[in-house]
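One chain, subunit A, links the two complexes that follow: it is found with subunit B in the first and with subunit C in the second.
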Partner chain A sequence: MSKTICVLPCNGLDKCAGDVSRRVALQLAQSDAVELICPVLLNQNKSRYEKVLESGELTVIDGCNTRCASKLAGDLELFIKEKVNVSEVAKALNIKLGVEIREDEDSKAVVQEVLEKISSSVAVQAESEFIEPESVAYDSFSHGKFIFKIPKSNYFFNENDCWVTVSGNMARIGVSDYVQQNLSDILYVDPPEIGDEFEQFDDLGSIESGKAVFEIISPVSGTVVAVNTALSDAPELVNESPYEKGWLVEVRLSDFEEDQDLLHDCPTYFKFLQRKVEEVDV
Partner chain B sequence: MSESTFMGVERDRIDWSPRIDFSKCNDCMDCVKFCPHQVFEVDENAKPKLKVKNPNNCVVFCRACSKTCGPDAITFPDKPETTNMIKAIRKAEKQAKEDE
Partner chain C sequence: MILDKIGIISCSGEECLGGTISRLAVRKMMEELKPGMVSTLCLPLFIAGDGGEREFAEKYPTIAVDGCSKCCAKRAIEKYSNKVAGSVDVAEIIGAEIALEKPLSTRNLTTEHMEYVKKTADKTCEIFDEILAKSV
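And now, the complex of A and B:
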């Protein structure tokens, strides 16, 4: 660990999941490379942590899905490098933490698992097998002060505004320009795990701005083979280049022909989106 | 909203909206604040306060509000079943058009 890691945990006083995040944070803080950030003090006085946050990368530990720590970071427009949710880790382990704060085997197991998740966050992934097109041509239309770009061809969309582009049996998935503009500055991309198998319309993680969280709803079925690691340092790539550099997930397709039944090609999505922005005031 | 559709299928023929388990709901209203589509409604004088007012405003396959729910009180219909139902309706309509 060369760079400092700033850890912003849940306050940890409300229920067991919170207490676990507090315990994880305290264990992490035993390393010299880790600086703890108290959420209450941060909320009260951001400048107290300005130096620390400048020198290091921020890891957020949420206790439950109320996600107070994440929301606080979002409100203060802090760039989050990594995020763990204790309740989700517990769920994956089939452990029910409940309300009562307790220090038993179950809660210890969750503490351990969260610690492991944080230390092995940079998942090992294979070299990308996706062959990128040399250039992508775009169509666009404007609505008010917004201009929406849509590729001319080779991309397919679901009506949840997520795209897929295919090369052989590999594909890349991302969000449309419309999503990116709606969210405005993207602060965090929460990717799925390498090796995850998923069905069409399952969620593939989420992206988050100070304004909202957007669930990535997969246009296809398949297996996750890679995630765009560039986004952990530069989530703004999704804003700058939603169809190319800002791709989110690379997958091995399982049945694209079947999936295509519920997808739009570029010209159809273009018309769909035009109608949509007319209806919803963007 | 009868004119709204999902993949060409009228929205009101697709059963997709949040189900709330009121034994878990703690009235925090995070889901209401989160959802930009006015799916929920809050009636301060009613019990429970929270209501799924506009189920057909819910974006088909979106489950994002359930992830904001601290007490895990929100669930959704089975996704593969919904997908298959949409495909079946589309197939039937295509067939009907061809038969005309």
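And now, the complex of A and C:
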């Protein structure tokens, strides 16, 4: 059986963004390959959609930043393949949707943009130029029931617990073991676009679990050349292997020497994290 | 009673035409028939438990407008907040068979569909007026 796309829109009626999510969903549902999922009925009776969700891939359309549809998918432990937030798309287009439900040119432009975002596959990425180390050696410390792993060398961290490891002019970015343990089961990784240029400490997408959304704060400046496509099918790789298989973004560095001034090397981060874990009492 | 303290929740409407009708009827009520007199509650938000929707339905009379006899909106209100002050089942107004047809985008609606919307909105207004009359 070929894979169906299951579309779960937020469907809210009290804001224009919710209505836009519904309009997008209805338009997508004109294709036989798309199965529309009603968020309310799903919440009430998950078994109704069990078969289609098993054989298909889930696309979630949130209207506003309350992210009801995403939360519902998270609560029901559904794996999200793709996600779009109507309010964020509108913001990027400089369109204010507001509360009133309307079908004007602005809302049509947002519908169109969301549709394009959903139908365009991830931009073609070049083969990775990053040379992976043969193995990574780790140090660890425990706090209560938690054991935190940190590589012994060749990784650099910012104080937002994001790491970078460098190979020539290329680097990979990810999140630390501390982040993945805090988030617990990661359900979705929202990567940046290939070709995006960014500065050190800019936002580089997010990762999301049933508990929270974590913004990836870039430890370096550069250009996105690849994202870890394996995470779209298996976001749990970030939990299982945060420093290796669970890398998030591959970048071409702009000025690592300068960026490095504001980063911790492994032994320093080890101590920093020990203090942090004590303070926040994980 | 403050006039805008009657809530209304529409079915989410992704499964059937009845859902489309229920959403449009609620909008008609908000925008044309009882402007400024009704608070619409977002059903997905209500289920997610954010935004104060459940608290509103606990404190104030709330009407459920459902697209079909599954009555998702009514059941959600009664599960998470309170007994509904009134409920409308679009399937009872337009017939179960039509209510279970595929949902439509507004640009594909016919005059017949708009008549269903009017009937549903009128029925909802009737319930609204009854609640209001009881409260004064």
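Note that in this section the second predicted complex is superposed on the first by the 279 of 282 C-alpha atoms of A that agree within 3 Å, B and C clash if a C-alpha of one lies under 4 Å from a C-alpha of the other, contacts with A are read in each partner's own complex, and residues count from 1 in each chain.
Here, a contact is a pair of C-beta atoms (placed from the backbone, for glycine too) under 8 Å apart; a residue touches a chain by one contact, two chains touch by 3 or more.
Model, not experiment: these values are computed from the prediction.
> State whether subunit B and subunit C clash or fit side by side on subunit A once the two structures are superposed.
fit
> After the superposition on A, what does A:39 contact: first (subunit B), second (subunit C), both or neither?
After superposition on chain A, A:39 lies in contact with subunit C alone.
> Under the stated touch criterion, which partner chain does A:66 make contact with: subunit B (first), subunit C (second), both, or neither?
A:66 contacts both subunit B and subunit C.
> Answer with first, second, both or neither: which of subunit B and subunit C does A:112 touch in the superposed model?
Neither partner.
> Once the two structures are placed together by chain A, how many degrees is the angle at subunit A between subunit B and subunit C, based on Cα centres and rounded to a multiple of 10?
If I round to tens, I get 90 degrees.
> Applying the document's definition of touching, compare subunit B and subunit C: which contacts more of subunit A?
Partner touching more subunit A residues in the overlay: C.
> Looking at A:254, would you say it contacts subunit B, subunit C, both, or neither? Reply first, second, both or neither.
After superposition on chain A, A:254 lies in contact with neither partner.
> In the superposed arrangement, which partner chain does A:128 touch: subunit B (first), subunit C (second), both, or neither?
After superposition on chain A, A:128 lies in contact with neither partner.
> Which partner does A:181 reach: the first (subunit B), the second (subunit C), both, or neither?
Touch partners of A:181: none, neither subunit B nor subunit C.
> Could you tell me how near the closest CA atoms of subunit B and subunit C get once both structures are overlaid on the shared chain, in Å?
It is 5 Å, taken between the nearest C-alpha atoms.
> Using the superposition described at the top, list the residues of subunit A that contact subunit B and also contact subunit C.
In subunit A, residues 66 are touched by subunit B and also by subunit C.
> Within the complex, which stretch of subunit C touches subunit A?
Residue positions touching the partner: 10-15, 19, 23, 26-27, 40-45, 47-48, 50-51, 70, 72-73, 75-76, 103-107.
> Which of the residues in subunit A end up touching subunit B in this complex?
64-67, 87, 158-160, 199-203, 206, 212-215, 217, 261-262
> In the complex formed with subunit A, which residues of subunit B make contact?
6-7, 28, 30, 34, 36, 59-64, 67-70, 72, 79-80, 83, 86-87, 90
> Which subunit A residues qualify as touching subunit C in the complex?
Of all residues in subunit A, those touching subunit C are 9-15, 18, 22-23, 25-27, 36-41, 43-44, 66, 68-69, 71-72, 101, 103.
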